[in-house]
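Two complexes come next, and they have one chain in common, subunit A, joined by subunit B in the first and subunit C in the second.
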Partner chain A sequence: MQSKKSYILFILPGFTIYTVFMIIPLFFAVYYSFFSWAGIGPKVFIGLGNFKKIFFDSQIAPVFKNAIKNNFVYMAIALFVFIPVQILLAYLIHKKIRGYSFFKLVIFLPFVISSTIVGFFSLLVFDPNIGFLNTFLESLHLTSLTSSWFGDPKKAFYLLTGVIGWQGIGVGMVIILANMKGIPEEVVEASIIDGANEWVRFWRIILPFLKPALINVIILSSIYALTQFDLPYIIGGPTGGLDGAMDFINLFFYRYTFGDSYYGQTAIGFGASISVVAFSIILFIAILQNTLLKKILHRD
Partner chain B sequence: MKVLKKTGVIFFVLFFVTGFIWAEGTGEKKAGGKQKQVTLTVWEHSPQFEAPLAATLKNFMAKNPDIKVVYEIKTPSDYMSLLTTSIQAGDAPDLFWQHGTATNDMKNLVSMGALMDLTKYLDISNYSEMSRAKVTYNGKVYQTPAATVDTRAVYYNKDLFKKMGWKVPSDFGEFENMLPVIKKAGYIPISLAGRFNWNILFLFEPILAATHPDWIQEAAEGKARFNDPRVVDAMKKMIEWGKSGYYGKFYMGVDEAGQYLAFTKGKAAMTVGGSWIANTLKKNNPEMNIGAFQMPTSNGRKPMVLTYAAGFSVYSKTKHPKEAVRLAQYLVTKESQQIWVSKLGAIPGLKGIVSTNKLANEIAVHDMELESFYNIMVLNHKPGQSPTKYWEENDIKLLSGGVNPEKFADTLDSMMNYPGM
Partner chain C sequence: MRIKKKQGPLGWAATILLALYCLIAIFLIGNLILSSFKTKMDLVYNTFGFPKSFTLGNYYKVLITDDFIRYFYNSIVITSLSIISLLAVSSMAAYGIARYKFKGKSIVEMYFLLGLMFPIQIAILPIFIILRNMHLLNTYSGMILLYTANLAFPVFIFSQFFRDLPKALHESALMDGAGEFRIFSQIMMPLSRPVIFTVALISFVQIWNDFYLPLVFLTKRSIRTVTLGIYHYLSNFLAYWNYVFAAASIALVPIIIIFFIFSDQIIAGLVTGSLKE
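On to the complex of A and B.
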């Protein structure tokens, strides 16, 4: 009985904070989503009007669909391109290739640089007039390769994805590397004695041992992909650049909820409905991933 | 002698008692004054206004020792959220900046009873009609007007112009003819952030003002439609200049910082933007000799697209209404406005106020005042429709040729009311 009470006392502060700052606002968001409300002034009940606007309004629905599509494409790139690269980088550093300490530092370093600075770096590199890249190409007389970069909707999304990846790829790498260091040496040595080559060792021994880290990295990458905001805002601007090539759901939420930096008109009711939709999507994906990954983890 | 002594003693006693009482009285007054000193809190929405606010409040406090004013500077992006939260909590600052009638915020703040009616307290008759309109809702004044105006201007590299023998154009034809000459000389005629929606608006407004000022005058009164051929013509002009390479080869890839840097690094001969970027340009390259002018009309007039700045509202539930009103009354005085204009380096919008900033004075040379295209959309849109949001979402596409100007103008038109028609 005494131990049960202690247990409750231990979780109470965290539980209270979590409830006040996470659970209650969530219910408020659901409540406000049924109103047309600027955040001040009268609230007008409109039922599912806000949701109808998100999914069916001729002006807004295409913007929303484009933004959410970009989130999903980015998530696919994160899962199928970034994570394999993170595993590869972690493995090379684990193998202690020449200069591995330097590479580890260089790969992780962009993560500690603020997004504002990363945005500024991208200006210095990709600006068509004063950026390094076009100037460099012009100096090599390769003017046919010069481009407007972020101004080209076909390239902008992938360039932005590259910049985000460059900034964040070190995090997953470090998590996977930590897991690799926990792989028992004797298992690896035994495989060497048994004649397993590098490829077989990686697929049959290293990778299965990485399941716990990979599950974390997959979930974290997915959440990160669905909650992108800072770099798309800094690089793409509030409307996500030409044709919304760099638009994401959080950017869409931000500009419709809080207006913009010049005039700042707010639409809290509509914003709440966007947040409810975004939350539902993230929750669905998180549950789906969790279920699938748990099955994979316990399959053996 | 005794009588004299007695008189002397009585005199001294009276003197000391009177002196004591007087001194006590003064002390009480002082002590009372200190005890009664009221503290007011003021919120401002952007760090760029900190210096003028601090200077004018310092002057106010020197003249009103019974009032202490503390200010808090917020950031524009979350300002309204913070303000509305504090109002809902009943804990708003005594005075706060807000957008005025430029947005629906004033209407909402009035409807929730957050603003004190200042009509009987403030004499703003010397302010311009546009300035008064910005702080008046339903015939009542809810805010102090501001003596500064925001406008758009063509900034140019004076030294480059001198070196190349180019002259500040006196009419629209000269301006347009100058663009291919600059391009041929190897410079970007007008640097532009083609992938930032606001920068496109701040280019479009001067083009519209220079090509069809009559449309703006009519539209401000709700007498001209948004799909008028004159609007479409201005849109086409803006697009045509892009296609002709007058914004540079890859302008759709340039962001806001890139636009200003291309100009201040000498790659572009001109850039078009708001009056508020003048300081940014100067800071980017203090050595640069920057000039400014208003894009002229075909008959040589100099139209200026104006948006009057707004000042401060008094919180209806302030604990110190008398003192808050005194501060509001001070803020509308020429003395306060002069401090504000001088410290901000802004363009004055009230007669008798002068700017010491040379560039601001160049920007302010005009002979015609016009309402902003964006503000007309804010003022006359249909309920539940947001032409401003449509513009913000799609002007990049308009510039790139991704949307037909006629169709774009038709969509805007479908969202507008025309009270003058």
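On to the complex of A and C.
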């Protein structure tokens, strides 16, 4: 009967390493957030002092608000622009338009390219002096359209959003596509016999069938939006670009924790409080979406 | 609808638009690789064409003078050992969860799934302190531990697979007197080869390309990964741009080759991992 208990031995290594490096740190972050601590030396308990600083300090609060605003604007773009585009792309590929298998592959391709290389591509294309885009526009005598691109705070955020979208759009697309393939052939054929045109068929049959998959894509995209780091950091730099146009909560966190103020006064404790705020926002959004979307799913 | 329909004008418009969109990626990657063989002069005056004089000078400078051969080695060691350790630990955990009945099983399952919701970045600071106290900053072992701990996704994929295996397989092996670990290593593992392969591919893409963990935990020059090496060039982009082409090609070509051979498995694996219902 020894074998009855052997599941423990199978699970234990994974359980331990996962608990120590993924779960316990979450609690430690909460603990550190109540202290003023440079990472070495004495910890001083300051209660909610760090959180007050994030929300009310005249220097820090505006930076925080700008960063979190960018996260939410990006999330809105992901949900209301990228996901519809992903559905459309998946539908075109599902319909097997000419070249569909090639399109699927190449649209997905940027996802396997490292962010540093995608960042390099962005610099190559958008650099104001040697960038492809300005060179191209000049060669067409469209000098008036040239721009400093990422150097222009008004454009930088949307360009960055586009670059992030270019890298990641294939993931949602293939998830939605896989679910479209699960739509029973009879249902589609019945609607054709009933004389439903393509437009009606898409809205009445295909889209409702995709609801569970879309819920997952919405939640995954939102978490991804709220944890943006790589491309903003690589393209905009640790300070989040001119006027903080490309600043995000994770960059804000990184700057205070590992950045210049690395050996500063309150770096670790303060950084921990930022990550607690970020974590709470993600948790809140995830739970909110889960309940709201599940309600919509079960209503009809 | 098995009949092959003729494509209407709207369909052709979509085909053309998507073809143009796909040109962006093809152009950027093609240009990257071609440019890596150009001299700096050639790059300036002949930005888009084929190299006028084919040179390996950029690769020599990047690999030998700037030590990318070292970074490449670091990337290979970290990626391969992490994948092996991740596969071992996550397949065992998934097997334990999926094949046995015990009290609190669903709680354990949920517990592992939590990691799918929360990216490792959220807990990075306490992880940093734990690794520092263990003297594992700037080490291979530290990185391998972290990539192994990030096991929610592989555990999820493996447990789906093990759950669907027939119970009789396990029982008949037990009758034959095989021990639990022998059943696991000699029957279950060979059977799960396709899943192992899928998990290995996806982990390869993620770990090879990872930027955040190396940025935080690998601050010493000698232990940099390729992605980190490229990043340090980028911080002085205009001075080094001819070298970045070579450095980026070194990082990109292995991934592109693997992607084009195994794209079906990579995509199918990602899709499986996203369906939690």
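Note that the second predicted complex is superposed on the first by the 272 of 300 C-alpha atoms of A that agree within 3 Å, B and C clash if a C-alpha of one lies under 4 Å from a C-alpha of the other, contacts with A are read in each partner's own complex, and residues count from 1 in each chain.
By definition in this document, a residue touches a chain if its C-beta (ideal position, glycine included) is under 8 Å from a C-beta of that chain, and two chains touch if they have at least 3 such contacts.
What you see is a predicted model, and the numbers here were worked out from it, not measured in a lab.
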Original post:
Between subunit B and subunit C, positioned on subunit A by superposition, is the outcome a clash or a fit?
Top reply: clash
Original post:
Regarding the shared-chain residue A:Val73, is it in contact with subunit B (first), subunit C (second), both, or neither?
Top reply: neither
**OP:** Have a look at where A:Phe126 lands relative to subunit B and subunit C in the superposition and call it first, second, both or neither.
**Re:** first
**OP:** Quick one: name whichever of subunit B and subunit C touches more residues of subunit A.
**Re:** C
Original post:
Should A:Ala272 be classified as contacting the first partner (subunit B), the second (subunit C), both, or neither?
Top reply: second
Original post:
Touch check for A:Phe258: first (subunit B), second (subunit C), both, or neither?
Top reply: both
**OP:** Scan A:Gly236 for contacts with subunit B and subunit C and give back first, second, both or neither.
**Re:** first
Original post:
Given the touch rule stated above, what does A:Val106 touch, subunit B (first), subunit C (second), both, or neither?
Top reply: second
**OP:** Check whether A:Ile285 is in contact with subunit B, with subunit C, with both or with neither, and answer first, second, both or neither.
**Re:** neither
Original post:
Is A:Gly39 contacted by the first partner subunit B, the second partner subunit C, both or neither?
Top reply: both
**OP:** Go through the superposed model and pick first if A:Trp149 touches only subunit B, second if only subunit C, both, or neither.
**Re:** first
Original post:
Of the stretches 80-88, 170-178, 386-394 or 404-412, which one in subunit B hits subunit C?
Top reply: 80-88
Subject >> Set of subunit A residues, in rising order, touched by both subunit B and subunit C >> reply: 39, 120, 123, 127, 129-130, 258
**OP:** Would you pull the subunit A residues touching subunit C in the complex into a rising list?
**Re:** 3-4, 6-11, 13-15, 17-18, 20-26, 28-29, 32, 39, 89, 92, 95, 97-99, 102-103, 105-110, 112-117, 119-121, 123-125, 127, 129-130, 132, 135, 166, 171, 174-175, 178, 188-189, 192, 212-213, 216-217, 220, 223, 227, 229-230, 233-234, 250, 257-258, 268, 271-272, 275, 278-279, 282, 286
**OP:** Could you pull out which subunit B residues touch subunit A in their complex?
**Re:** 45, 76-81, 84, 87-88, 99, 102-105, 107-109, 111-112, 114, 188, 191, 194-198, 248-258, 261-262, 265, 267-268, 378, 388-390, 392-393, 396-397, 400, 402
**OP:** Spell out the residues on subunit A that touch subunit B in their complex, using ranges where they run on.
**Re:** 38-42, 59, 63, 120, 123, 126-131, 134, 146-152, 235-239, 241-243, 255-256, 258-266
Subject >> Sites on subunit C touched by subunit A in the complex >> reply: 1, 7, 11-12, 14-15, 18-19, 21-22, 24-26, 28, 31-32, 47-48, 88-90, 92-93, 95-97, 99-100, 102, 108, 111-112, 114-115, 117-130, 145-146, 148-152, 155, 174, 179-181, 184, 205, 208-209, 211-212, 215-216, 227-228, 230-231, 234, 237-238, 241, 244, 248, 251-252, 255-256, 259-260, 263, 266-268, 270-271, 274-277
